C-alpha cells in the first residue's frame, strides 16, 4: 500500500486552520499526489477551537473520509490550545508536532515532548510583522515544509497566489521566513507524553434526554467554558479605572463584574477576549495582553 | 449550601443570601420598590415583606434584608402578606396619586383606588425609596444628594436645595429612580438633571473631531483630575479616538 | 436620548435571562444585543426564537444559555409560534388556569425577518397579537456563512453576492423592514443598536409594555461577517448611527421621533472604510451610497418633524 | 467663624462619630447652623456635604435658619399634653403671631416645641432660654412672655 | 486626688472620706432635679448661698445640690441633715427662716412640711410620707443624699465597690452569670434579659466590642433616666464599666439626649472624676482592665431610642433604624458587636453584683425581677418618679403612691409604655406591673411612663396626640410608618372634627395591622398601639365622635362649646380680659357676661382664668 | 346520547367542541374548510370557548398550534392535501417536541395537475413525520376517533401529535347519522390536559434546542421509542372508549376474514364500500375477507400479521402512488410479513387517485383481478386500477 500522510490542524475559528489544510491539499495535488482537505464541521464560532484535516497519498485515490484520529503530523496554530485540547491525541510515534509559540523549543519540549519530532516557530510574530494580522495559516505552512516532505514549496506558491491575490507575496514571505525560523527537535523515542487533564465532555444516553429534548435546567450553559476561545486577555490598570462600569455593559459575554474593591474584572471562564472593553473604556484603563495559560 | 422553601418550592441557597435574592434567582416574584441588586438593601418600601415560618411560629420580614437560614419556610403570597401589600400600595397611592408607575403597580396588586379621602391625596412622584441616594453614594461615590428632613417632611435633595458641587451629572439617580421623580435630559449641548424641587445644569463637551456633544464637562473634568490625565485627554470622544495604548 | 455615561452602567441589572457560556463569536454584537434585550425584559417573558446564530449558539444540547422559557421551532415561523403562545395563554387564563404574567417575545435574525419569515410576521402584526418582535439585523445570513439577505446593504460583499471582477457585491438597496412594520399600523416600531445600550433597553422595555404587536429592529454588528476586528463592534454601531446609515428612531402610533439627531452627520465613508465587506468600493459607489443615505435620512427627519 | 468651627471640630478630634455633638456645639455658638459652618465641617471632616446637611435637617434640635434672641420651647410631652399643653402653645402662637418653628420678625423670639423635657410632673412646661416654667396654663402665657420684653 | 491603683488604695480612700464626714456638720440639701429647677430651685440655691454667707455660716453648714428624689409635684424640695427634715414648696423667702430656725436651732418650720391633701396630716421625714411608703427605692434612694458632681458622695455610700468586686473577685463570665441569674430585664422597653444580651455580645466574633448606655429617653412622660443620670451618674457609670468588663469591651458610650443638658453635664463631670481616680482609663484600679467612655449627645429624635438608630447617630449619621435580622450584639456600632443597655438597667448592675443575684431575684414577680421606676404623671395627685417593686398593682401605684386622681375627678385610664404603649382602663387596674402582664393588656412596660387620665381626657384626642407625636418622630424611612401614621392621624383629625365616618374605624384597624406587620422598627410596629388600645377599651368614645358628633370629655374643639354658667358668674371680668378674640362681653351686673359662640376659638383661656368654675363645656 | 344528522366535518367540529379545545390555528383549504368554519361558528356563538387564530398559511397554522401547545393549551387544526404538504416541515417539529396537537386531515390528492379531490397522497407523504395517524371510515368514526385522538395524544406516556384521517369529500362532505354522547361522559373519558412541560416563567424551560452529531441520534431514538410505545396507550384508550360508548376500535380491523383465503386490505372510507363487495363475494361462496388498517402510525405489526397470516393472498389497495416504487401500504405490508414463515402472497393495486370513485362492483372486480394476477404470478406488477389505456 501507498504511503499515507495524515495531518491534523488545531486552530481557532477565524485563525485560518482550514485555509492551511486547503492549501496543503492543493499543493500536494499540484505536485501530482492525491490529497484531501476537510474541516470538522460544526457550529463553532470565531475564537472557538476548530480542527482541520489533510490526507496525502503519493499515488492513490484516498477513500477514507472520517476524521483523522491517528495523525502523522499535528499542527497547532494557537499556543493557548495546547492546554485546552489534547493536541497529541493519537499522534503516531515518530510523527511530528508543530507548534506556534513564542516559547523556546527546550521549554516546550519539557511540556509537550514525546516520541515525536517537535517543531516550534513564533508564527504570530512573523505574521504580525509581515502581514499585520495575527493570522498564521501561511506562516505555519512554512513550518510544515520544514518538518515534512509531504508538500513542497514550489507547488504551494500557485495556490497561495490564487487564494491571496495581492497579498500573496507577503504570505509567501511569511511562509519562507517561518521555514527559516522553525527550530526542530528530533523525537526522543523513550520519552513519554506528559499526561494532563483536559476537559472532557460527557454525553447523555437517549433515556437521559427529557421528552422533546427539553432542557429543564435553566442557564446550565454557565457551566460551559468559553474562556478557552480567548487569545488575548483584558487587563485593568487600576490607576486609570474609575469603576464606571462601561466595560461591563458592553461585554457580549456579560462576564465583567466588580470585584470586592469595586474594580471591574472579567470572568476568564467566559471571556473570549474580544477586546470590546478595552476599546470602549473612556480612560483607556484596559489593555489586551497576551493570553498566558497556566 | 442551605435548603429553604419558598411557596412550597425547595430551593438551594448560599449562606448570607437574602430571601429576595433566592426568590429572584428562581423566578419567584416578590414586588419591591426600593431594592436594587447592585445597591445595599435598604428595607424602606416594605412591599417585599414575606411571611416566614420557623419553629412553628410565623413572622413577617422584609425579604430584601432577611438572610436565609437552613430549613426556613417562606410564603410570599399568604393572604396576610397580600393584605399588607395592598395597604402599602394604598398608602403609596395616596402619596403619589398621579404617578403612573405607582398606579400601575397598585392595579397589578388589585388596588385601583386608595381608601383615603380625596382631600388628603397628594401628588408626589418621589416615594423616598432612597435608591438615588444610595446609587450616588455607593456607585458614584459622590453623595451629591441625600435624604433631608425627617418623617413626613422627608425629601431627596442636594444640600440647601441648590445645585450640588458634588454632582457630576452622571444621571445614575435618574436612571435608578423607579417612579420618574428624578429626570435627566440632554438637549442642545446641555444636560439637566432635575426633580421637583431642584435641578442642576451641565454644559456638554463637544468632541473636537466629530463635533458631537458627548458628556458633561464637569464629569470629564472630574475623571481627568481624579486620574491625573493630560488636559487634552477628553478633547475627542472615545468614538473618535483610534489608538488604544 | 442616550443616558449612557459613567456609573449608570453599574446600575443595569446583573441578572438577565441569557447567561454567559453561550457560544457566540468573540465580539458578537448580536449576543450583546440579546443580553441587553433580556436585561430590559426581565424574567416574565417567553422567548420564541428563529433558527439562526443566536439559537445555535445558545442552546446546544444538553446546554441552554436561557433562564427564561424559550422555544425554537423553525426558521420562518417565530412570529406565528409567538401568536400561538399568546393565544394559548389568553385562552388558558380565561378558562381558569392561572399563569404568571408573561410577555411573548419573538426574536429573529434578518433572514428570518426580512426574507423567509416575513409572511408570518405580517400575519401576526395584522392579527394584532400582544407580542414583541425583535429583529437582530446583522445584514446577512451569518449562521450559514455570510450569504446575502434582503437586509444586506448595497455594495456589501457576501458569499452569495461577492465582489468580483464584474460585481460590486450586493446590487440592491436594503429592504426597509421597519417601514413594512409601520405599514401594519402597529402601535410601536423602533430601531436600536447595542452601541446605544440605554436607548435600546428603553425601547425594548417600552415595546414590551405596550399591548399589541410591537417591533424593535436592532442593528447587530457582526465582526465575522462584516470583516472587522472583534473589538470594533460597538464603534461600528455608533458609526452606523452617526453617519445616518442606521438612524435611531421610534414610531409610536404613527408618530415619528428621531432619537439621535446630531447637528451634522458623519460621512458614510467613516462607516464603510473599516469594514472588510466594503473594502472593494470605489469612490463613485461610496458617493452613491452617501446620496441615498442623505435622502433617506432627510425623509425620515421630515416625518419626525411633521410628527 | 472658621476659627470657632475649627476649634469645635478639634475639640472632638474630628471624630466622625461626634458629628452630632459638633453640630450641637456649633449651634450653641451661633444659635443656628450657618451654611458656611456646615461646609467647613464637610470639608474638614471629609464627609460629603449632603450627609452633613442630611444630619442637620434630620434632628429636631438643629436649625438652619437664624433664630431669635429668646428660644421658647414648649413641651408637648404626654404629661404636658393631658394637662393642656396644646392650649398653651396656641396661646403663645397667638401672642407672638408666629407658628411653631418660626421666629418673630424682630428676631426676638423663636418658638419651638419639644416632645418632653423630662419635667413631666410639672406639666405643662415651657422653657425659655434654658429656664423652666412649670405648671403653665394658657392664661399665664402673656405674663411670662412679658418678662422678656 | 490621685489615681487609685489597687483594692487597698480604694478602701483607704473610702475610709478617708468617711473620716472627713464623721464631724456631722449640718447640711442643706436642695434638690436640683429638673422638676425642682422648673419650680424655682435655682433661686433657692442662690438664696441659700447668700444667706449662709450673710450669716457667716460657711464653715459650719454645708450646702449640697442633689439629684431628684422624685417628688417633683412638691418642689422645690429641701432636706435638712442630719435631722432629715423634708421641706416642700420652698420659696426664696423661706430660706432665711429655714437656716435660722431649722439649721441652727433644730426647729421645724411647720408650714413647709408636706401635708397630705386628703387627711391634712403633716410629715417631717420623707420615709413617712405615703408617697414614699410603698416605694422600694433601690436606685432612686440615694439621689437625695448625693451631690452628683461629687464622686466622694458616691464613694462614701459604698460606690464602686461592685466594680472592685467584679474586677478582683469575679471573672467576666461569672459577672455575666450573676446578671443572668438575677433575672434583670432591660428597662428601656423591650425587657430583654440583660445577662443574655451580654453573653451574646461577649460571644459574638469581632473586635472591638462596644458598650453603650442609652440615655436618649425620648418617651414623652418619662424622665427616670434623666433623674438617674443627673442625680446619680456614677451608679450608671459603674454599671457600664461592669458590663464592659463582662463583655470584654474597652470602649463605651453614654448617649444622652441634648434636651437633658444637666444630665450631659453631670455625666461628663462624673466621667472626668472617675478617670481621675482610676475607675476609667487604662488598668482600672490596677486590675489590668482598660475601659474608656465618651459622651455622645443626641440631636432630638425619639427614634434614636431604637438601638440601630442610636448606633447610626453614634456614627454621625442620621438616626435611621435598620432591620435587626442580624442583632446589634453581633453587628452594631461600626458593624462591631455592640451592647446597648438602658441607664436604669445599668444602674441596677452594681446592686446585683454587691448584693447578689439571689437578693435581686427575691424582689418582683416570676418574670420581672427587681424594681421599676415609673414617672407617675398626668391627672394624679402625687406626680413624680416612683420606684416600686415589680408586681405591685397599677391601682396601688396610682392610688396609694400617687394619692389618687386630682381634684376628685373620675379615673379613666392610664397610659403606660409611652407612645408605643396603650391605655389601660379602670377595669384592669388590678393587674400587676410586670413586663408580660402589661403586654397582655395591649400595652407595654416601655421605659416606665405612667400617664394618668381622668374623665376630662378624650381618648380619641389622646390617640391623635400620640399619632401626632409619632408622625413627627418617625424617621420617614419606611412607607407604612411614614405614610401610615400620617393617614391614621388624618383619620383621627376627621373624627375629632366630627367628620368621621363609620368605616374609618375599619380603615384605622387595617392600617394598624399593616403597621404592626411590616414597619421597619419598633417605633412603627407599635405605633398603632395607642389607637388599638383606645379602640379596644373606649370604642364608645369613638362612636360618640363619629355618630353623635360629640366629644364626651369635652376636649375636641370642633365638637364642644364653652358657655358661661350664669349662676356661678359674678362678673369679675377676668375672662373678658383674658379672651384673645373678644368673644366675651360684660353685660352689666344682672346678667354679667355672655360668650359669643361665633367669635369663640375655643382656646379655653376663659375656663382657665375663671376662679369660680363659671365657664362650662358642652 | 342523541342521534343527529351531521356532515363528518361537523361531527369532527362537534368532537372538538366537546374536547373543549383552547386554541385552533387554521387556514382554509378544500375539502377541509367545513371543519374549521364550523368551529369558527361555534366560537362565534359562544358554544366553544377557544381562540381561533386565522393564520396566513398552513405552515403558520401548524406553527400556531406549536406555540399554543407549548404553553399547555389544547390545540386542534385541520388541513388537506397541499396544506398538509406546506405544513410538512412543521409536522416534524411538533412530533419531535412532543406537542400533542390533534389534526384532522381531509385526505386529498397533490398537485399537479391541481386536484381538490381525495386520495392518500398527502397522507403517505407525511408518513415519516412522527405523528400518530388514524383512519376513520364514516362520520361516527370521525367523531369518535377525534375525541380519542386528544386522549391518546395528551397521555403523559405519549405526548405525540395525532392526525385523524378522513377522506376528502367521500367523508368530509357527506351527511350521515351520528350518535353524540353527553358532555359529562366525554369529560370522564377525556380529562383536562396537564402538560408535562410547558413554557412558563415560573419554571423556565428551553424547548427546541440544537443538537450536534453527538446527540441527534439519541434524540431521535427517544422520539421513535415514544411513537412505538404509544401503541399501548392507543389500545387502552380505545378499550375504555368501547366500554363507555359501546363502539370498539382496533388498530387492525377485519371483516369476514375467518377461513378466508383471499383478503383485501383497505384504509379509510373505501373500506365500507369494499365490505359490500366482500358480502357479495361471500354470498357467491368465495372465501374472501376484508382487512382494514385503522392505525397507520405507529404501524401495528403484530396485529397486522395476526390478521393476514393465515390467508393465501392479500390484495392491497393503495390510494397513493409512490412513483417508481411499490404503493406505500403495499410495501409496508410486505415488509411486515417478510419475517413470517407462513404468509400470504401479495398483489398491490393503486386506485382511487384524485377522487376517482371505486364502486362495490369495482372492488369485486379488483379482488378477482388480484386473484388472477396471483395465479399468473405477476406479483411485482403495480396496476393502477381503472386507468385508461
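A, B, C, D, E and F are the chain letters, set down in written order, and residue numbers restart from 1 in every chain.
Simple rule for what comes next: a contact is a pair of C-beta atoms (placed from the backbone, for glycine too) under 8 Å apart; a residue touches a chain by one contact, two chains touch by 3 or more.
For clarity, every value in this text was computed on a predicted model and none was experimentally measured.
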| item | value |
| --- | --- |
| Contacts common to chain B and chain D (chain labels) | E |
| Taking each chain's C-alpha mean as its centre, the one farthest from chain D | F |
| From chain A, the most remote chain by mean C-alpha position | E |
| Whole-Å gap separating chain B and chain E, where each centre is the average of the chain's CA atoms | 41 |
| Whole-Å gap separating chain B and chain F, where each centre is the average of the chain's CA atoms | 59 |
| Averaged-CA centre spacing for the pair chain C and chain A, given as whole angstrom | 32 |
| Chain C-chain D separation of Cα centroids, rounded to whole Å | 62 |
| Multi-partner residues of chain A (each touching 2 or more other chains) | 43, 203-204, 209, 213, 215, 218, 242, 245, 278-280, 282, 288 |
| Numbers and ranges of chain D residues touching at least 2 other chains | 51, 54, 58-60 |
| For chain F, residues that touch 2 or more chains besides their own | 97, 201-212, 215, 219 |
| Which pairs of chains touch, using the document's own definition | A-B, A-C, A-F, B-C, B-D, B-E, B-F, C-F, D-E |
| Residue ranges of chain F in contact with chain A within the complex | 96-99, 159, 196-197, 204-212, 214-215, 217-219, 221-222, 225-226 |
| In the complex, chain E residues that touch chain B | 301, 318, 322-323, 325-326, 471-480, 482-484, 486-487, 490, 494, 507, 510-511, 513-514, 517-520 |
| Touching residues on chain F, where the partner in the complex is chain C | 22-23, 25, 49-51, 53-57, 59-60, 63-73, 75, 89-90, 93, 97, 199-212, 215, 219 |
| Complex contact set, residues of chain B against chain A | 139, 223, 226-227, 229, 234, 238, 244-245 |
| Residues on chain D engaged by chain E in the complex (per definition of touch) | 16-21, 23-24, 47, 51, 54-55, 58-62, 76-84, 87, 90-91, 94-95, 114-123, 125, 130, 132-135, 137-139 |
